[in-house]
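Only one structure is covered here, and it is reproduced in the block below.
Per-chain residue numbering starts at 1, and chain names A, B and C are given in the order in which the chains are listed.
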Amino acid sequence: MDKNVRITGAIVSLCFIFLSPTGYAEETTLPSDTVTIVDGTGESVDVSRPVMRIVSITSRTSEIICALDAGERIVGRDSYSIFPKSLEDVPVVAGSSYTPNVELILGLEPDLVIADSMLSDDYRQRIEDAGIPVIVETSWDPAAVATVVSHLGIVLDEEDRAGEIIGFIEQYHDIVEERCADLEEEDKPVVFFEWSQPYHSGASGTLFHNLTVASGGINVVGDEPAKYPTGSPEWLAKRDPDIILRLVSSTEDLTVEMMEEARDEILSRPGLSSVKAVEDDRAHILSSPVTTGVRSIIGELYLAKWFHPDFFEDIDPEEVHEELIQELFGQKLEGVYVYP
Amino acid sequence: MVAVKLKVSDLNFGYNGKTILDGISLEIEKGDIVSLVGPNGAGKSTLIKCIDRILKPQRGTVYIDGNEAAQLSSKDFSKMVGYVPQSTTEVFPYTVFDIVLMGRRPHIGWRVTRNDVKIVSRTLKFMGIEEFASRYFDELSGGEKQKIAMARALAQEPEVLLLDEPTSNLDIKHQLEVMNIVKKLVWERKISAVMAMHDLNLASRFSDSIVMLKDKKVFKVGDPKSILISENIERVYGVRAEVIKDSKGMPYIMPIEPV
Amino acid sequence: MSEDEVFDAEEVYARASWKKTLFTLVLFVAVALLAVFAISMGAASLGMGESFRVVLAQFMPTEEVSTFAQVVVLQLRLPRILMAVITGISLGVAGAAMQGVLRNPLVSPYTLGLSSGAACGAAIAIVLGVGVLGPGRYIIAINAFLFSLLTMAIVYGISRMKGTSIETLILAGVAMGYLFSAVISLLKYVSGHEELREVVFWLMGGLYTSRWENVIILIPTVLILTTILMRYSWDLNAMSAGEEVASSLGINVNRVRLTCLTLATILTASVIAFTGVIGFIGLVSPHVCRLLIGSDHRYLIPCSGLIGALLLLASDTACRTMISPTEIPVGILTSFIGVPFFLYLLVRRKRRWWQ
C-alpha cells in the first residue's frame, strides 16, 4: 500500500509540475481552446487560442495589445498604429479600418483581425468568409476602454495583465469620479470642446462629450440634435463657456510651438473676446492620443485638473502619464500632449 | 390624263397662336417639277414639312396616289416621299457612304443587304459623287454636301422628292448641277419634285409649275410663263420688277426697286 | 478618272465594314486578355500560375490550391474584374446612346442628372438609413437605382411640356442635377462623420464592393439592354442628321428618343447603384471610338462598350495595385488614364485609316 501511494503521489506531483502554467503566455502548456467574445458591435466572435498572429487595423487596440505584452504577435497594422514605436516595423495592410486591403490581410494568414467600427460589414464578411475571426471594438470611446482591454486580455490569454491595466486606469478614474460626484450644476464649468474645423464640436454620444462629463464639466453642445454640430462665433459667444478645449492632431510629432500657436489662435478670435474662457485665459490644447484608448485616462485627468484645480491639486497628470507609459509599455514618456 | 401624284387639301398650320398656312390646297401631277415661291416667311418650307409629315398640320389632308398619306405608316410613307433639307450639319463624323446609306432606313429591317449597298452605290454614281464615298462629310464643300443630302433622299427610292430651298446656299455652278439632277430624275425616273424655291429665275427655268404663296394662302398657280409676270411679283414680293425672256423663252425676272 | 482609279463604292463600303468588324473583335480580345492579366495582379503575391490553377480548380477538382489563393482569386479579384468589365461596357454603351440621342458630343450618361439622382438616393439610404425597399444590404443600391429612374422621369416630364426638344432635356437635366446635389450637401452636413465618409466614398465611385451576387444580376441585365439598344443603331444614325431628316426617313423621333434614353438610363443606373459614380468613361469611350471607326452606331455602341471596359479595367487594376495597401478611388484614375489617351488620339487624328 505504501509503495503504491508513494508512486501515485510522485506521479501526481510530477503532473503538477509539468502541467502547471508558467506565467509566460507564449510557452503556455494549456491545451488549445476556444473563447467567445461579444464585441463592440454585439457580434459573438469565436476565437481559438492561442492567438499568435494578429492583424490590428485600429491604433488604439494596437496600443492595448502592446500594453498586454503581446506586441510581437502583431503581424499587420493600419497606418495610424504608430505607438508604441515598435509597431513601425510591422507591415501596413490598411489605411484605417475604413480602407483595409483584404488581399494583404489574408496574405498574412492571421489568427485574428481586430478593427474599429469603421470597418464596413462587407469587408468584415469577406475576411470572416476566409475563415478568420474579426473582432470590432469601439476603442476610441474612453468609457469602453476597460471592456476592450478585458476582451483582448481573454483573447490573448493575458488576463492577469489585462487586470493590471484596468486596475491602473480605474484607480484614477475612480478618484475623478469620486471627487466630482458631489458637484452641483453651478459648480461645473461650461466647456466647449472643439476639434477639426473651428466651432466644430461633439454632442452627446461622442468622446468629446463623454470626456467632458466624466471630468465634471458641462458640454455646451451636449443637447444638440446633430451629433457633430458646427456653431458660429456669435452662437458660442452667447453660450459664454468657461473653458475652451481644442483637440489637435497632426501627422508629424506635435511640438510645444504648434500647440501654443493653436491656443493663441483661439484666444485671438474676433467675436470671442468677451467670452469668459478667453478673458480668464482658460483655453487648453490637447492631442488625440490622450483622449482615446488606453491613454484616455490621462486626458480625463488633465480635464479634471483644468475644470476643478482645487480638487485635484495633489494629482499631476504628467506624472501619472509617465507612470502609465512605464507600466504599460516599459518606456519613457516622450512628446507633448497638452498645452499649457 | 396625267395622274395626280400628290394632293394637298385645305391645309392649316400654325403654332403659338400664329397661323402660317391657311387653307392651302394644291395638286401635283406625276412627273412634274413644282416650285413653291414667295417671300421669306410665306410658309414655303413649312408647307414642305407639312407634306412630309415632319410637321403636323392642324387641319387638312395630304393625299398620295389618291390615298390619305396619314393612313400610311411612317416607314411606308418614307418609301414614297423623300426630303432634302435646306442645309445639313452632322454633329458626328460620318462617311458619305454611311450618310447616303441612312436613306435606306425605311427599307432596312435589321441588316443592311447587298441590295441596299448596291442602291447606295448607284445613287452616288448618279449624283456624280461616287469618289467621295469614303470621305468624311464635314470635309466637303456646301455644294457637295447638298448633293449628298439629295443622294440620301434618293436612296429612299421615293416617288416624290421634296426639296427645301435646295439652291439657297450654293454657288452658281452647284446650283445648276443640282437643278439639272432634279430634271434628270424627273425625266428618267418619273419622280415628282416639289421645291421650295428662293430663286425665281431658277424656278422659272426648271419648273413645270409655279405655286405662289402670299399671306398664308395660295396666291396663284400655273406654268412659269403665265405666273411670273410683273403684277404678280409686285403683289407677292412688294418689288417692282422687269420680266424679260431668256434665251429659251422662259421668264427672267430683274428686280428694280421695292414698292 | 483613270482606269486604275475606278471607284467602286460597294467595295469601299465592304472593306470599311470588314475593318470595323475586325476592330470590334480586336477590342473583344483585348478585354479578355486584360482580364486574364488582371487576375494575376493584386496586393497579395499570387503569380499568374497560381491564379490560373485556382480558376482551373473550379472545373477540375483534382487541382490543389490553398484556401487563401482561392479566396483571393475567386472572391476578391474575379468578381471585381467582371464588375469592371460589365460596368465599363454599360457606361460606354450608355454614353454612346446618349450622345446619339441628344446629338451632342459633350453628353455623358450623367448629363440628365442621373449621377446626382443616384447619389442622392444613396446618400439618403446611407445617412437616414431609409430606403424605398429591399433588404438591408441592398438598400443603398436599390435607392440609388430608383432615384436615377426618378430623375430621368422628372427630366423627361419637364421637357415634354416644351415639346421634348434636346435643349430642354439637357437644361432640365442640369437643373435637376443641381437640385439633387444640393440635397446631398444638406445630407452631408447633418450626417455623422462615418456616414459622411461613406457618402463621399460612394460619390467617388469604386469597385471594391464587387460581389458575385451583384455580378450575376448585372451581366444579363447589361447584355440584354445593350442588345436592345443596338437594334436602334440605324435610328440613331439617322437621327444624327437632325429631327427633320430623321422624321423624313420614317423614324418616330420622340419615341426613339424616349426609348433610347430610358434604356441608357437603366443601363447606367444599374451599374452605378453598385459602384457609385464613376466618371469620364461614358463621355470618352464613344469619342475614342469615333476617332477610330466613325459614328456608325452598329459598331459604335458595342465598341464604345468594349473601350469602356478596357479603360475601367485598366484603371481599376492600377488602382488596387499601384500603392499598396492604399487603394486610389477609381474615378481619379480613369481621368488620369483617359485624358492623355484621348488627347493623343485627338492630336494624331487619322480618320482615313482604311484607305
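Keep in mind that, in the parts below, a contact is a pair of C-beta atoms (placed from the backbone, for glycine too) under 8 Å apart; a residue touches a chain by one contact, two chains touch by 3 or more.
Note that the coordinates shown come from a computational prediction; the quantities given were computed from them, not determined experimentally.
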Notebook entry, point to check: What chains touch chain B and also chain C?
Noted result: none
Checklist line | Centroid-based (C-alpha) most distant chain relative to chain B | finding: A
Next item on the list: Just give me the whole-number Å value for how far the CA centre of chain A lies from that of chain C.
Entry: 44
Check: Taking each chain's centre as its mean C-alpha position, how far apart are chain A and chain B in Å?
Finding: 84
Notebook entry, point to check: In their shared complex, at which residues does chain A touch chain C?
Noted result: 92-95, 98-104, 106-107, 109, 117-118, 120-122, 126, 129-131, 226-228
Notebook entry, point to check: Can you list the residues on chain B that touch chain C in the complex?
Noted result: 49, 52-54, 73-79, 81-83, 85, 88-95, 97-99, 101-103, 105-106, 108, 110, 117-118, 120-121, 124-125, 130-131, 133-134, 136, 149, 152-153, 156, 162
Next item on the list: Provide the residue numbers of chain C that touch chain A in the complex, in ascending order.
Entry: 42-45, 67-68, 71-72, 75-77, 137, 190, 192-194, 197-198, 209, 211, 324-327
Check: Across the complex, what residues on chain C touch chain B?
Finding: 1, 7-10, 12-14, 16, 99-100, 103-105, 231, 234-235, 237-238, 240-245, 247-252, 290, 294-296, 351-352, 354-355
